[in-house]
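The two complexes that follow have chain A in common; it is paired with chain B in the first and with chain C in the second.
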Partner chain A sequence: MQIKLDRVSFTYGKRSRNKPPAGPYVLKQLDLTIESGEMLAIAGKSGSGKSTFLQLLKGFLAPSEGTVLLDGVNPHQARRPELFDKVGFIFQYPEHQLFSTTVFDDIAFGLQSAGLADEEKEARVRQAMAAVQLDYEAFKDCSPFELSGGEKRRVAIAGVVVLEPEVLILDEPTAGLDLQSRTALFDLLHAMNREQGITVMWVSHQLEEILEHATRLIALKEGTFLADGHPHSLLSDPVLLEAFGWEEPPALVVSRLLQELGMIETGGQKALAPGEASEAIIRLLNRQRITV
Partner chain B sequence: MIDIRNTTFYYNASQDDEEDAGHKPALSHVSLNISPGEFVAFLGRNGSGKSSLSRLLNGIELPTEGTVSVEGHVTSDKAALPTVRRAVQIVFQNPENQQVGITVGEDIAFGLSNIGWPQRDIANRVAWAINLVGLDADEDRPVTNLSGGEKQKLALAAVLALAPRYLILDEATSMLDPVARRQFVATLHEVRKQYSFTLIYITHHLEEVTDADRWILFQSGRVVTSGTPADLMEDVRLLQDCGLELPYYQTLAGLLRESGIAVPAAINEHELRELLCKSS
Partner chain C sequence: MAGTSFLLYQKRDSWLERWDPRMKIVAVLLFGAALLLTHSLGLKTAQLLLLIVLWGMAKLSWRVLAFTLLSLSIFFASTMIYQSVLTAVPGEDMITWGWISFSSQGAVRGIMMCEQIAGIVLLLALLVRTTSPIVLAEGLEMLLKPLKKWRLPVHEAVMMFSIALRFLPILIEEFDKIRKAQLARGGGFHRKGVSTRFRGVLPMLMPLFVMSIIRAKDLAVAMESRCYQGDEGRTPIRMYRLRANDYAVFSFSIVNLAAIFVW
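Presenting the complex of A and B:
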């Protein structure tokens, strides 16, 4: 599904008839197109408008000015709010919203109003659990509260995936997860992105995570997009780093150094993992030893 | 001193059949001492017992077996609990969960009046705490106007006002952006210079605790090992098993050292550049 923002502004201020909204504007004149199947990270400080922006994409909020188009249709104007159902939204710490007594019930909750037969419902839950790599038989009757943090989060994500979204929005999905759970979560997001073509958009404060997983980064500051592009080039741009108070990820610094020394191909941005960087460094040192 | 002796802990232990049902303990047979003034980090995977142990330290939960004592007061002794709770304070992940006041001043004053701090001195103490954490806000500022980082500083101010001797930070930076996170950690170290307390820091991010006195690694409810950061950094595999990833430069340094290249364990960009450029 294509998402398009056309000069979107937003204010929480009340709108009165015949008058333009009073402001202050949380989002200002945003233009943006997100195509199907992107892996897109959104960064910005608290208060930059990230959450408001995401809520516009899900239709929780309507723009004060401008339009949000899903596959070319403005769901608000066309009175087709159901179009927003194709956007799955996973809040920060989604496991805090688990409430049912079993994993199955929690995941199936969103299907209640869909009027499905029991078999269909079960099939959908099975599918969603498979998508988040939770074994159906082993987990369906468990209480969600007895699971580990990473498992709980997967149950919460399954509760959204079961609705078969075409776009998945996640607000800081890895906050509070350990290394293994973070890796597993991104394996999962990449798999859904690759195999089902689901667009994945997530908010992240971790530059390394963005560098490793995103193909596009949008940086929000004070309600405008300060940058939009490939993470490799954005995260090594001194002006942008300065504007956000970020430090350039070491992977980029080291890769550039090795590029300067001719140890890795120049041209194109590179972000070497520590293993790759150490191999290149060892090659360089060996070569020097030989020439000396 | 905090003295944890052979402590085992089950959530819902009151139900008789828990153990029979193969219910796993959150902590099993943990023994540990934490000395006054120490800076220790509790590290480990989600569900490894870090938070459970911190909840035992100030008596939110009581051990199923074994004892936890804080400066000689056993937490299971009801009469000692108020003393224990006052000595050990916790800042949690989400600052909003522990804020009760409408304004910054009210929020800090709430805890103070609760513990019976002399009424005439509360205003002074509030001002002291705001100043201590460098919160750029006067006490009339509404809590809802604060940014995430400021809210977490407020949470810190509110517990420090109570003059704890032990402060536990349970993933207190996990909801902050990188800038706010760095500021919060810097504030914490600044505060420790002026006012000394034992710091117990729970995190998944090793770069925040490289200057700790001791790392304590948890795995499935047990303490696997404890030691100085410098020693434990050598064991990359164990750290990974505990859900931890060394910062980029440390990982790189480790790999280079494995191949017999003498580099400092905490190599930085500058040193790496020198190593590579000096010889070329």
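Presenting the complex of A and C:
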């Protein structure tokens, strides 16, 4: 599904006709097209409008000015709010939203009003649990409250995945997760992106995470997009790094230095994988030993 | 947003905020009593107008005032109908407008009743909005001190009250978040019939309860780790002293209460 923002502005102040809106703009004149199948990271300090931006994409909020188009249709204007159901939204700490007595019921919550037969419901839940790598037989009758943090989060994500969204939005999905759960979560997101063509958008504050997983990075500052592009080129741009107070990720620094020394020949668009970097460094050290 | 900030105290540096909390609570009780006890329409209206003037002096927003009164409109309407149409005493002057007939005394009774409701609500809103929860709790505790003689847990009760007041906005904010989260994974249940919508109540309330219990537990640990051990040996950080200002407020409240017996 393609999402298009056309000069979207947003303010929480009340708007009345023929009057400029009261209150400051949270988002200002955003133009953006998100194509199907992207892995998109969104970065920005707190208060930069990230949450508001994401809620616009899910239809929780309607833009004060401009339009949000899903596959070319404006759901607000066309009075078709069900179009937003194609967008799955996973809030920060989704495990706090579990409520049912069993994992199965919790995941199947979204299917209740769809009028599915029991077998199909079971098949969908089974599929969703497989997608988040939870064993169906072992977990379906557990209480969600007795699971570990990482498992709870996977149950909560399955509750959204079961609705078969075309776009998945996650608000800081790795917050509070240990390293293993983090890796597992991104494996899962990559798999969904690759195999089902789901667009994945997530908010992240970890530059390494963005560098490793995103194909596109949007940096928000004070309600406007400060940058939009490939993470490798953006995160090595001193102007942008300065604007956000970020430090260049070590992987990029090493790659850049090796390139400056002429040890690698890539066009500077790519961070080296640890293996490649170590190989290049060993080559560098060997060469210097020879010249000495 | 109006709902979220409904009971919130915000510092505005108004004259009312500088009143002593004890005197403020006493004045609220006296003023409330006077408001309930008068049977004169004029006096009740004057008291209500005074409250609105105080609202302005407290630098509170007029929008919130309008919202507060509008939220009571169903009470007002039902009170008016009950007093003037349904409980008209035979022998009262009946006024007929088309097919409605109501008694004029009943209408006056209705208006007074509405003024009472509005007055009490405004009074409490003023108290809560111009006094920070901690100051309010301290004032209440000092006023209720005599009850400690009978081993009533005054301190604990007041602490609970102030914590509840403090956490109300957080709870509302949290409910909003949970609501959105469940809508996001609910498969559009909120757009369907009443029975499907009803199924969404548990998913919204359950996490709220769970989170409240977790939060209460965290709060208890946080309080204990800051050496909170109840009332015993607790020293106040603020000392309250009554000033001329407070005596004036007190005298006015007494005069106001006395006025109803004279009138």
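We adopt the following convention: the second predicted complex is superposed on the first by the 281 of 292 C-alpha atoms of A that agree within 3 Å, B and C clash if a C-alpha of one lies under 4 Å from a C-alpha of the other, contacts with A are read in each partner's own complex, and residues count from 1 in each chain.
Operating definition for what follows: a contact is a pair of C-beta atoms (placed from the backbone, for glycine too) under 8 Å apart; a residue touches a chain by one contact, two chains touch by 3 or more.
If you're wondering where the values come from, they're calculated on a predicted model, not measured in any experiment.
Enquirer: Comparing chain B against chain C, which has contacts with more of the residues in chain A?
Expert: When the residues of chain A touched by each partner are counted, B comes out ahead.
Enquirer: Which partner does A:L188 contact after superposing on A: first (chain B), second (chain C), both, neither?
Expert: neither
Enquirer: So in the superposed three-chain picture, is A:G47 touching just chain B, just chain C, both, or none of them (first/second/both/neither)?
Expert: Only chain B; A:G47 stays clear of chain C.
Enquirer: Once the structures are superposed on A, label A:Q180 by its partner contacts, choosing first (chain B), second (chain C), both or neither.
Expert: In the superposed model, A:Q180 contacts chain B only, not chain C.
Enquirer: Name the contact category of A:I210: first (chain B only), second (chain C only), both, or neither.
Expert: neither
Enquirer: Could you look at A:M129 and tell me whether it touches chain B, chain C, both or neither (first, second, both, neither)?
Expert: neither
Enquirer: With both complexes overlaid on chain A, does A:S278 touch chain B (first), chain C (second), both or neither?
Expert: It touches chain B, and chain C stays clear.
Enquirer: Touching residues of chain A toward chain C in the complex: what are they?
Expert: Touching chain C from chain A are residues 12, 55, 58, 60, 81-82, 85, 88-91, 94, 96-100, 109-114, 145, 159-160, 163.
Enquirer: For a test of understanding, state which residues of chain C touch chain A in their complex under the given definition.
Expert: So the residues of chain C touching chain A come out as 1, 177-178, 180-189, 191-192, 196, 199, 202-203, 206-207, 210-211.
Enquirer: For chain A, which residues are in contact with chain B within the complex?
Expert: Residues 44-47, 92-93, 148-150, 172, 175-181, 205-208, 244-247, 249-251, 253-254, 257-258, 261, 274-275, 277-278, 281-282, 284-285, 288, 292 of chain A touch chain B in their complex.
Enquirer: Where on chain B is chain A touching in the complex?
Expert: Against chain A, chain B makes touches at 44-47, 93-94, 147-149, 171, 174-181, 204, 240, 242-245, 247-249, 251-252, 255-256, 259, 261, 269, 272-273, 276-277, 279-280.
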